[in-house]
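Each of the two complexes below includes subunit A, the first together with subunit B, the second together with subunit C.
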Partner chain A sequence: MKEMSTTKTLTIYLLTGPYTSQCTDIALDIAEKALNKGYKANLFLYMDAVHVPKKGQKTLRFPKVEERLRKLISIGLRVKACVRCASARGYVEGEQDKETGTFPTTQYVNGASITSIYDFSDWIKESDKVITLGE
Partner chain B sequence: MVNSILIMITKAPYGRENVYGGLYTAIACLERKLSVTVVLVNDGVYSAMKGQASYKTLGYPNIEDLFYALFPPAKIFVDQSSMDERGIQKEDLIEIVEVIDEEELLNRIREHGEAIITY
Partner chain C sequence: MRVVFILTKSPQNSGNTKICLKNALLARSQGYDIGIYLLGDAVFFAKNQQNIANDLKKLLASGCKLFVRKEDLVARGLKEDSLIPDVSVPSDFYDLLITDIMEKSERVICL
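What follows is the complex of A and B.
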């Protein structure tokens, strides 16, 4: 019989891109706290939030979202972006990989993938809490 | 584990991507057998207006058609006070929506708001 996991899961649904508002920083703050407390954390990127994992971000004074994202991915944050939104914004560079269900891009940091909105629905079902940030 | 989702749309259609985002997410959640409730409040009530011709005029997908893709099994509620503020009558809206007052809105949120996503 399959053993049920007792680790609670948080899914954050982010709708806005970095720097135009504080939402991305807040999402990453919440994810970091959750991971440090031993929870599983998911970040699903929708609409302009698909810009969040873009490589090569350079900011003068603001915290670098890319660096924080890389760090959180390295400690377990799962990051997926909606293919419809990512494709519209030029991130999708080929056909879907039939095995992984992801779409190729060279523009994202390692560990962030482009996938279907259906993966968000699956994450909702396995989550204990779902938080939306952005507008 | 979360089994139901309430999608609250607060923005008007076409000027922003939000309504599409909400309704495409709702469709995906239905496909994955989640119980889906859509609530239209504030400028979100404009999303349910009858006779939208966005494909012809803007070249955008028609939001009215997306509601028909959701119902049934999803339920679609419209906030009466938001309609009143904007001079919108029930007859102005597509027939598959249900108009509710603030108390009923609160009850729907209590019943179906296991996870709430706002657009």
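What follows is the complex of A and C.
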């Protein structure tokens, strides 16, 4: 059911990891513009996109995705990663928290969480538009 | 009804361009309002003198709007005069895109 709010919500479903294609940058560009225009924005990370919130990214020339993500989270971007994809890539470090529904990790930036894929379907229901980036 | 297509992949490496063209032409013939946004490698889609150019020109002639992100053109060494006529290269690409997605369109298709 759609939230009782006048603020519209955009959810971005990202499937590609950082530095392999431009999709992560495009996703963050779109999220940033949506937030700056006053919309709510969600980013759901699937498959290799679960690498996006990893702490400690060091790049020589590319802009650091981690830093951009931290900035966007600070202005309201909600970020969740699929638990199966995150577990397969070594990010899940324990059992699910029954209260929050999240899975523990020390490897993600603050504000990004690991959750069930069913959270994505909840976001779809809450959102006015959903876009998919990556393959 | 307005439908927005967002393309991010090169037409040379993806069948998505043809899917977009086919569906956009069909939708346009049925009276749908169409906007196409090209980002990343998809900016090559707007290049003139390639095998899809005639279909694209037909689509633009039918009233479809095609927007290309300038920074992605520049990053790939493409100049605006190498594009199909009537393609738009706005300075506020993301502003237009978000407004179109959130306020103007009923459907958004990402390819």
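Throughout what follows, the second predicted complex is superposed on the first by the 132 of 135 C-alpha atoms of A that agree within 3 Å, B and C clash if a C-alpha of one lies under 4 Å from a C-alpha of the other, contacts with A are read in each partner's own complex, and residues count from 1 in each chain.
One rule holds for everything that comes next: a residue touches a chain if its C-beta (ideal position, glycine included) is under 8 Å from a C-beta of that chain, and two chains touch if they have at least 3 such contacts.
Because the structure is predicted, anything quoted here is derived from the model rather than measured.
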item	value
Fit or clash - subunit C, subunit B, common subunit A	fit
Partner chain(s) touched by A:58 [first = subunit B, second = subunit C, both, neither]	neither
Which of subunit B and subunit C A:132 touches, first, second, both or neither	both
First (subunit B), second (subunit C), both or neither touched by A:15	first
Which of subunit B and subunit C A:33 touches, first, second, both or neither	second
Vertex subunit A, arms to subunit B and subunit C (CA centres, degrees, nearest 10)	60
Contacts of A:23 with subunit B and subunit C, given as first, second, both or neither	second
First (subunit B), second (subunit C), both or neither touched by A:98	neither
Where subunit B and subunit C come nearest after superposition, their Cα distance in Å	6
Set intersection of subunit A contacts, subunit C complex versus subunit B complex	128-130, 132, 135
In the complex with subunit C, residue positions of subunit A that touch it	8, 10, 21-23, 26, 29-30, 33-34, 37, 39, 128-133, 135
In the complex, subunit A residues that touch subunit B	13, 15, 46-47, 84, 116-118, 120-122, 124-130, 132, 135
Sites on subunit B touched by subunit A in the complex	1-3, 5, 11, 17-18, 21, 24-25, 28-29, 31-32, 34, 115-119
In the complex with subunit A, residue positions of subunit C that touch it	6, 8-9, 39-41, 72, 94-95, 97-99, 101-102, 105, 108, 110
